[in-house]
Structures are given as C-alpha cells and as structure tokens.
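Chain lettering (A, B and C) follows the sequence in which the chains are written, and residue indices restart at 1 in each chain.
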Amino acid sequence: MRKTYFMAKDIINGYVTTETHKGITTIEFFHPQSNSLPRRILAELAREIHDAGRDNETKVIVLRSGGEKAFCAGASFDELTQIENEKKGFDFFSGFADVINAMRKCPKMIIGRIHGKCVGGGVGLAAAADYAIGVEGADVKLSELAVGIGPFVIGPALERRIGLAAFSHLAIDATMWRNSDWAKRKNLFAEVHSSVEAMDESISRLANQLAHSSPEAMAELKKIFWKGTADWDDLLNKRAEMSGKLVLSNFTKEAIVKFKSKR
Amino acid sequence: MRKTYFMAKDIINGYVTTETHKGITTIEFFHPQSNSLPRRILAELAREIHDAGRDNETKVIVLRSGGEKAFCAGASFDELTQIENEKKGFDFFSGFADVINAMRKCPKMIIGRIHGKCVGGGVGLAAAADYAIGVEGADVKLSELAVGIGPFVIGPALERRIGLAAFSHLAIDATMWRNSDWAKRKNLFAEVHSSVEAMDESISRLANQLAHSSPEAMAELKKIFWKGTADWDDLLNKRAEMSGKLVLSNFTKEAIVKFKSKR
Amino acid sequence: MRKTYFMAKDIINGYVTTETHKGITTIEFFHPQSNSLPRRILAELAREIHDAGRDNETKVIVLRSGGEKAFCAGASFDELTQIENEKKGFDFFSGFADVINAMRKCPKMIIGRIHGKCVGGGVGLAAAADYAIGVEGADVKLSELAVGIGPFVIGPALERRIGLAAFSHLAIDATMWRNSDWAKRKNLFAEVHSSVEAMDESISRLANQLAHSSPEAMAELKKIFWKGTADWDDLLNKRAEMSGKLVLSNFTKEAIVKFKSKR
C-alpha cells in the first residue's frame, strides 16, 4: 500500500491520504468546506478503498476524515449549484454511489471513525462502514429534501443499516438533527463515546483485534453482511440519475438562491 | 379538496372529515366507542385518503382522530360479534386493509397524529403513516390473539415499520400494553412529546415544511419508502380471509361471550 | 408427551429433559461446562422440540437450561478442538442448525428463558425463540471470529431477530460483551427482568396465557413470523460446511492452543 503525501495546496483543494501500519490501513479524506466532497475527491476516495481491499498488507480499514468539526457535510454544494443538465447531474450524484459501492465490495472490514456531524452523503458513508464508532456530538441529518432532491443514492445503504423506518424518519424531516445517541440506538453507530480520546482508543483496540483475526473468516463475514446487494452498482446509478433530474427543477434552483443569500 | 361537514348524528354514528388549508389536508375520523371503527367509516376513510392523494391542493396529509382519549381501538367490536360466515368475516377484516392500502398508494406523505392509545387496527394505522408523531400515554397493544384471531391484516404494515421481532413480541403478548416510549424506540412513532400542545406544534411545523417541499421529490421518496409492497392489495385481502375464518371458531365465540359479560 | 428421567451420569454428561403440565411443555438442556453443548445433546434437543411440536397436549413450549450461570456457552469447545476434517467439521456445526430448524418448524410458540449469559450458538437459541424473556446479567457475545470462524450457522436467526446491523456489530467485535439491556433494545429479548423471580413470573404468566389461546391462531401467527425461511434447512447446512472448512485453518489451530494454555 503506497502512502500518499500531500502538499499545502491540498489544504485548499482537499485530499485523500492512505497509510498502512501493522495491517491497519487508515484512509483519510478532507475538504476545507466542512468536509463536503467534490466529485474529484469522491473518485479518489473510491479508488483508495478499492486498492486497500486488494492490498495484501491491509487486514482492516479505518475510514476517517480530517479536521475536528464535521465528519462529512455531503457532496460539495458549490458543485451542486453548477449542474446544468441531466448528464452533469448524474455525474455529480454518482460520486457517493462510487464510494459506497467500493466500501460494499471491499473484502476487508471497514471501521468508520465518526468524529463529528454527518449530513447527506456523510450519513451514507457512516452507514456503509461495517462498524462505525462515533463520539457525542456526531449528530446526523438528511437535508436533501430541503433542496428539492432526496437521499436516493445513499438510501439503500441507510435502509440496510438503520432500517426503513428510521431512514424514512430522517429523510422526511430534512431540517431536524438527530443526535449521536439516536444514531447509536438506530444502529448507525455501533458505539458512541464521550470523548474523541475514548473513541480513538476503542477504534485502535478493535482495529488491532481485527488485524490479528482470520482474514478468511472476515472475508466470509463481509460477504454475508452484504449478500443481496449485488444489484447496487446498477441501483445506485439509477438513483443518481433520479437525483440528477430532480436537481434541475425550479424548486432546487430557488432553494439554492435562498441558501446562497444566507451565506 | 372538498370540506366535509357533519351533523349531530355523526357524533353518534361516527364520521370522517377532511379539510385542506395551505396545502395541508387534515383527515379526521371519529367514533364514540373509543374510535373503534365500523366498516362504513373505514371505507370512507380509505376513500378520503385516496381522494387527498389525487387532489392538487393537497401537498401533505395529517391523519388524526377525534376526541381526547384513544387514537383508535381497532375495528368495531359490535360488528365483530355479528360475523356469521366467512364472507362477512372477510368483509369486516378488509376494512383496515383498504385504509392501509390507500395510505400506501397515496403519493403524498402522511403524518399520523397519535394523541392516545392504539389497539389492533389502530396500531396498523400508526404503522402505515409515513411519519407518526405521538404523545406520552399513546400506548399500543395488539389484542387480536386474546379473541382467537391474529394481527394478520395489519401485520405487513407493522413488520415493515417496526421489524419482525418487535411485531412478533407485540402480537404474542396480546394483553400487554407497550408504552409510547417503546413505540418510539421501535420506530412506530418518529417522535413522542410530553404534551398534546408540543405534539401539535411539531406536527404543524413538519406539515408546513412539507407543504413547502418539492412535491416531485416527496413523491419519489414515497415510492422508495413503499417499494416492494405492490402485492399488498392481494396480500392484505388474503390476510382478511384468514382472520375471517378464524373469527368463526368456538374459541372466538367463547371469548366474545366473556368480553360482553365484563362490559 | 413423555417425561424424561435422568440419572447421576447426566450431571456429568449433560441432559435434555421434557415435561408437560397444563399445556405448557418445558424443555431443559444442561451441560456441566457452562451449558456448552456437545453434538449429542444438540441432536436430542432438536428431537425434543420436534416432538413437542407434534404433541397434542403441548400448547406452548418453554425452552430453558439448567444451572444458574450461563444460559448457553455455544457448542462444546472440547469437540471443536477434535475436528480433523471437513466432514467432522460439518457434523459439529450442523448441531445448532438442527436445533434452530426444529424451533423454526415447530408450529407452537417457543418462549426462551434466558437466565444467564449467551455465547455463540447460545445467542442463536435466544434469537430463534419466538419470545425470549431474560434477566439482568444475561449478556451476549459472538466469540466465533476470535477462533478463526464466524457466526455463520446462527447468522440467519440473528439477522432475522435483531437485524443486519446489530448482528454485524456483535459478530465483528468478538470480544465485547453486550449487556442484557442492549439485547432488549435490539429485540433479542422481548423483556428483561431485574431478578430471576420476576423473569419466571412473567414467563409463567405468558405461558399460561398462550396455553389458553387459540392453537389455530397461534399456528397461523407462527407461520407468518417465519415466512420466507423455507430455505433454511439448506442454508444452515451450507453455513455449517463453511464453518467446517474454516475451523481447519492454521489460524483456528493456533487460537485453540492459546485458549487451552489459558485454561
């Protein structure tokens, strides 16, 4: 597994880094705007997850993001506002589809380190991790409906993880934050810790444990956890098309104008 | 959307009223016997939900019941005791099937206002709402097994909403009330408030928000939430037949005699 | 229903007893090593459940284990360490498959009395009961991954009962005990009581209630609860093969050596 280095410009444009240590591969993504992710970073993230899945040194993956505030604010709002046609709409929304599909098909267990708030696609990442460990304050929200779209692409990952009911509650009330305790009760997070230190200790403990567990047994477990999702390559792309069309509506255009005037 | 007017006799026989205001259509049902619903009211309720789904002024639906005690005590016990043959049994039990199918097929989001206790079919209504908001004291019970039948017609709606395990727990112990906190933890209710005022405030807030959300996005969301239920027209009718047969058993006849002697 | 008698040697080798009283059939299993079950006892247990399902006097079944400590520590570790080839591996792991399939196909409701800790297959038994009633301290753990295998055979029963997310959390962290409150929140237990007395009182109340409920209605309910599991005879056997292969790995052999040296 190559280690990715990065430079000052990455602080401005965002980055994805990958590092492997004693069987544990840590993949970190970052973007200065609350870790909201442009298409380019999502593509890179999907590729790094894919590569780590094939890397022999990697026994387990920790997915984390940089900074100390939001874990991930979803897809880049700046890019969203520039979508002019269905093709660009599809391209934009397929970003999280690619990452979720990479996580799904990766034969290694993925621990999600959820150190802060998750919005939209960010909730999808937490849901697609095999074992998400969060901290108090890592609240979640699906704000899609507020801009005239819906959490369609990440819907299957969310429904699989927290069930149809909790997913629909989250999707329907697009302005209400659900707190980290809610996220734990609904199984989005396996654990919630009272401090970042406690969270990191637990992640370190579990990651080490899995790095010393049977790779064959883990690969079989992963298959079983994700059985019945073979159609997601196709399904998530269809969902991206759906969002790609809705985002062209007047409703979305007006919502974007309102949002921008608030900033 | 027409507004339904009603008269004094409706207080005795029960009623369904529908009113639309700023995109929010409120459908209210009532029956003096703890909102236990005769076949006629269930048919009317199904029709009103169906009509609101097609009404252009309606952006979101609030389903509520009249009075301040029970939200809904299920199907009318008086009618239950008069079932003499399988045909009448089927007709009786298909009442909630029709309402649930109308809710399912309605392209608008349905907010359930659960202001009090739910029994049997009443729990089914709460489960079929897209977002049920309740109040402390809105306890739930599936008493079907105590009269020799089972929650067959409402089963699919309950299993879809709260999962197989919570549904089976509720169905097996037909005498135990589960409180509103349980209902929230099991996702039957999205929210539970400490007072009717707080509940109504939250309903009003969410209904207004949805009345100003993208109808296209909501219709797509609704489809996604209910995907895989296309067979329910048929399935719920088969379930109604099943209950229609069981209700003719000696077990049910004896249970009814016991219940009546207690009243 | 025959009553099974047992002798002093049964205290050493373990036993299964069955007793029917006023429609309630209590099946008890026991093994001196924390109720970890050898293949022979699992076969007997499956047979007793099967027979109780066909017995006319039996209206409801209570599944319990002997002793006051663990409810069930899974499959016998002594037998596990003696597996030399895939055939023996399959035979060993099909033990819990047989019991779960017997519970699944039994037309009577099965109340699980979970008086203590559950590990591995023991969690599977609790999950396959139709209504498990536990006591504080009845913590659960899936330790399979720690010995190079996985909870494959009991997976379907667990996923059906507590959902994919909670199941995967339990399976991935093979060293962490989840307490009885967790088990209740995740629907593994329908109730958790603060004392064994309170637990037994609740079991007695529910068992009596079900013994006086309509057998036809309960049989239909049971069918509905287990619909879609007709392939489990085959599926659980395939899972047993899977574990039977993994257990021959060097990883498992080394894990066993470590475990033995600790004892």
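Here, a residue touches a chain if its C-beta (ideal position, glycine included) is under 8 Å from a C-beta of that chain, and two chains touch if they have at least 3 such contacts.
In this text the structure is predicted, and so the values were computed from the model without any measurement.
Residues touching across the chain A-chain C interface largely differ between the two copies, under half of the numbers being common to both.
Chain copies chain B and chain C are related through a rotation whose angle, from the C-alpha fit, is 120° to the nearest 5. Averaged Cα coordinates give chain A a centre that lies 36 Å from the centre of chain C.
Residues of chain C found to touch two or more other chains are 163, 185. Of all the residues in chain C, the ones that touch chain A in their complex are 144-146, 148-150, 152, 155, 163-166, 168-169, 171-175, 185-186, 242, 246, 249, 251-252. By the touch rule above, chain A contacts chain C in their complex via residues 109, 130-131, 160-163, 185, 187-188, 190, 206, 209-210, 213-214, 216-218, 220-221, 224-225.
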